[in-house]
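As structure tokens, here come the structures.
Shared between the two complexes below is chain A, which has chain B as its partner in the first and chain C in the second.
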Partner chain A sequence: MFELFAYGDAGWGDEILRGLAITVQLAIVTLPVGLFLGFLAAFASLSGLRPLRALGFGYTTIMRGLPEILTLFVVYNGAGLLLNKGLRWWNPDAPPSDFSPFAAGVIALGMVFGAFAGEVLRGAFQSLDKGQVEAGRAIGMTDRQIFRRIQLPQLWRFALPGLGNLWINMLKDTALVSVIALDDLMRMTKVAVGVTKQPFTFYLLACLIYWAMCVLSEVVLAQMERRANRGIRRAV
Partner chain B sequence: MTKPETILKAEDIHKSFGRLEVLKGISLEARNHDVISILGSSGSGKSTFLRCLNFLEIPTSGKVTVHGEEILVKNGKPQNVRHIEDIRSRLGMVFQQFNLWTHRTALENVMEGPVQVKREPNAEARDKAEALLKRVGLEDRMHMYPSQLSGGQQQRVAIARALAMEPDAILFDEPTSALDPELVGEVLKVMQSLAAEGRTMIVVTHEMGFAREVSSEVVFLHEGRIAEQGPPDEMFANPKTEVFERFISKVK
Partner chain C sequence: MNPIEILFEYWPRLLDGALMTLKLTFLGALIAGLVSPGLALIRVQAAPMAQAPLRLYVSFIRGTPILAQLFLIFYGSGQFRPALEEWGLWTFFRDPFNCALLAFALNSTAYQTEILRGGIMSVPQREIEAAKAIGMSRSKILRRVVFPHAYRIAWPALGNEVILLMKASALASVVTVFDVMGRTRQIFSRTFDFSVYLWAALIYLCITAAFVLLWRQAERRLSRHIHAPGTPRASAQPFKESQA
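Our next item is the complex of A and B:
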């Protein structure tokens, strides 16, 4: 049975590993995109300007209401359509080009992550101690300094647990991109099952790998939370 | 003798929250070495007035001058917004709830202002912060986080943090009101020593002992106006207004 997982032509080890690499890449590239969108959404919904608030709120509500897979289809097909329209406008003879499934995955998963992260960050902002912000003002710090030196470092403390959950969700949601033909862990597993007719073995393997990634994430997150809570007494 | 220099001057400060007029025209002048205690019953506008001085609260109208730099406010709009941060860095503030930055140690709390706002070199700011923490009796607590300190120790760190900016005057808003009774003394002692070294201080307080013995002037606020003002001995010996008389008989 071990030849099944062997490296090279005979086994599926290299295919599965390549799939895993794609999955990890996708998640890691999506994270900053999602965080960036999350910060934008949080700022928008906390802003004093009504239209901005409406925009932030609208984005969050829409993304939260859509099934992730639908978002993915809309991004993949819609963005592909736009890309080709743009290309043809630029150069009428351009051959139709495919929107990369990887990019579509990053954008779609990033948009979903961003919507939820926006809520987490907004909540974290609102739970920051106003008195500490005033203390910053009182010594003459600018709003930027207050944000960078007082709010942001403490934001992590309040946002980390929520963001950690979102990261783990997103890690699992990467499996969705297998339906738009990205060769991630999920898709390679399905291919292997199709060829070898050994669903139990390969799905179990995939389960173990996803599970291992989650456990690893949780260990790292716990470490980060411990760091962020440096100096904070357990229950104040 | 030369007339002591005016450090801070507030002229005709008004402040309304919506339709509630909290300050109805308050003027106050602090000269070098003055220690002014502001008294008044709860809701009389003491905190609001103090916070108007460094624009944590923007007055509805009035004028604040610190060290020759003035900010005029009309219809809730300060005329030269850019001076606000400048004025704030010249006025220290100590809060009832300490408001230390919980993610920084005592030493880092004290260094933050000089390094970030005044752009002092790190080493210099550190030396100064260490000296100040020693000055408030916390040389053995410098590397502790606020959560590891008692209320009295936290408030002394907050005082060192204000001092580190080398302010022209320090504003205190009920600095001992959040403390357990046995910790009040250590903070008052530090404040008393600041007064003795000639610091200009404006102190909102319920500590009658401090007002009587340490301050050079007492201001009694009532319903958003100064009801009575003068040297503490005179004021406490023969109150001129009925409201102040009632106030001191209540706190005694």
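Our next item is the complex of A and C:
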């Protein structure tokens, strides 16, 4: 049975590894996009301006309430329609072109990650010690300095557990891009199933690979949390 | 076509999809809700060796994409077709709705078990000791003390899980179940009108909003003895009386 998973022409090992590489790439590229959107959302919801606060609240609430696959289709088809409209405006004879599924995946998963991360970061900001900000102001630090030297280093400590969970969720959500024809782990598995007619074996293999990635992430995240809290004395 | 025309033309399909989404979510959450209390008790009370398979199951469900779980059941069952036919189970696995429901129920069971385990472990030890002191039997303690309080603690988290399940149910469209997402993709492939996605988003948001309101209402009812109107703290009342 193991020749099925062999590397090379005989088995499906190399195809599945290539799919895995796409999955990992997608997750790694999405992470900074999602974090950036998350910071924007957190700043918006904490801002003194009412319209900005409403915008932040609207974005995090709506995005968290929609199925991820719907967001993905909205981005993929919506961006595709816009792209073609733009192309036709530019050049009426242009052939219809498809929006890159990878880019659609990054944008959609990044938007979902950003909405949840916005809430995590907002909570982390609010659990910072207010006295420290006042102390910073008292010794004449600018808002920027306070953010960079006092808030940001501690934010990490409060936000890490929540962000870690979001990372694992996002890693799992990357499986959705197989539906819009990106050759990730899930889709390569489907291709292998189509040829070998062994759906259970291959989907189980895909599950085991995702599982391994999640368990590995959990181990690394626990390590990071321990490191982030190294200067903190625990009461218990 | 403009968005309103789309809605006028296709609302019966979208409504049909919404009912399917509700059916999948409700049945999935219900099946998981019936199984999870027993499993949560095992997670709290049983010997570590007896818990091992359950922990493995929960870890597997939490560590794999629900889409992969769905494919494993729906497509994966095909590999065992002869055996399943022999046992008369093939008609069950051939239907995408059944497979989606099974996948969602299995998925939600794992999450609900963990949530309920947390709830049971947060029940104050004193309450259980008090129940033992007045001579309640083990099953009576579970029924009257542990589970009512555990559910009250776990209620908000369980609500979140049901919302997650509702969102996940959109994946059923990938195996040709016509829920909101399935109908939406069907309508889009016919009209290429983008606005149908916005209507779908609105439907999902409405379902979530309605559910949140209902769930909060139920939460208020579950803890009505704590926040009874008019009394500052109802739970403090008997204590005062006994002192007087």
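Some notes on this structure:
The definition used in the following text is that the second predicted complex is superposed on the first by the 235 of 236 C-alpha atoms of A that agree within 3 Å, B and C clash if a C-alpha of one lies under 4 Å from a C-alpha of the other, contacts with A are read in each partner's own complex, and residues count from 1 in each chain.
In this text, contacts are C-beta pairs under 8 Å (C-beta built on N, C-alpha and C of every residue); 3 or more make two chains touch, one makes a residue touch a chain.
Not measured: the values here are computed from a predicted model.
In the superposition on chain A, contact of A:Phe200 is made with chain C only, not with chain B. In the overlay built on the shared chain, the residue A:Gln145 is in contact with chain B alone; chain C does not reach it. Of the two partner chains placed by the overlay, only chain C lies in contact with A:Gly78; chain B stays clear of it. Once the two complexes are laid over each other on the shared chain, residue contacts for A:Pro92 go to neither chain B nor chain C.
By the touch criterion stated above, A:Gly48 is placed in contact with neither chain B nor chain C.
When the two complexes are overlaid on their common chain A, residue A:Glu68 makes contact with chain C while staying clear of chain B. Of the two partners chain B and chain C, more residues of chain A are touched by C. By the touch criterion stated above, chain A contacts chain B in their complex at residues 129, 131-132, 134-142, 145, 149-150, 153-154, 157, 230-233, 236. Across the complex, chain C meets chain A through its residues 59-60, 62-69, 71-72, 75-80, 163, 166-171, 173-174, 181, 184-185, 188, 192, 194, 197-198, 200-201, 204-205, 208-209. By the touch rule above, chain B contacts chain A in their complex via residues 54, 56, 85-86, 88-93, 95, 97-105, 112-113, 116-117, 145-148, 158, 161-162, 165.
Residue ranges on chain A touching chain C, taken from their complex, read 62, 65-70, 73-74, 77-78, 81, 168, 172-176, 178-179, 186, 190, 193, 197-201, 203-204, 206-207, 210-211, 214-215.
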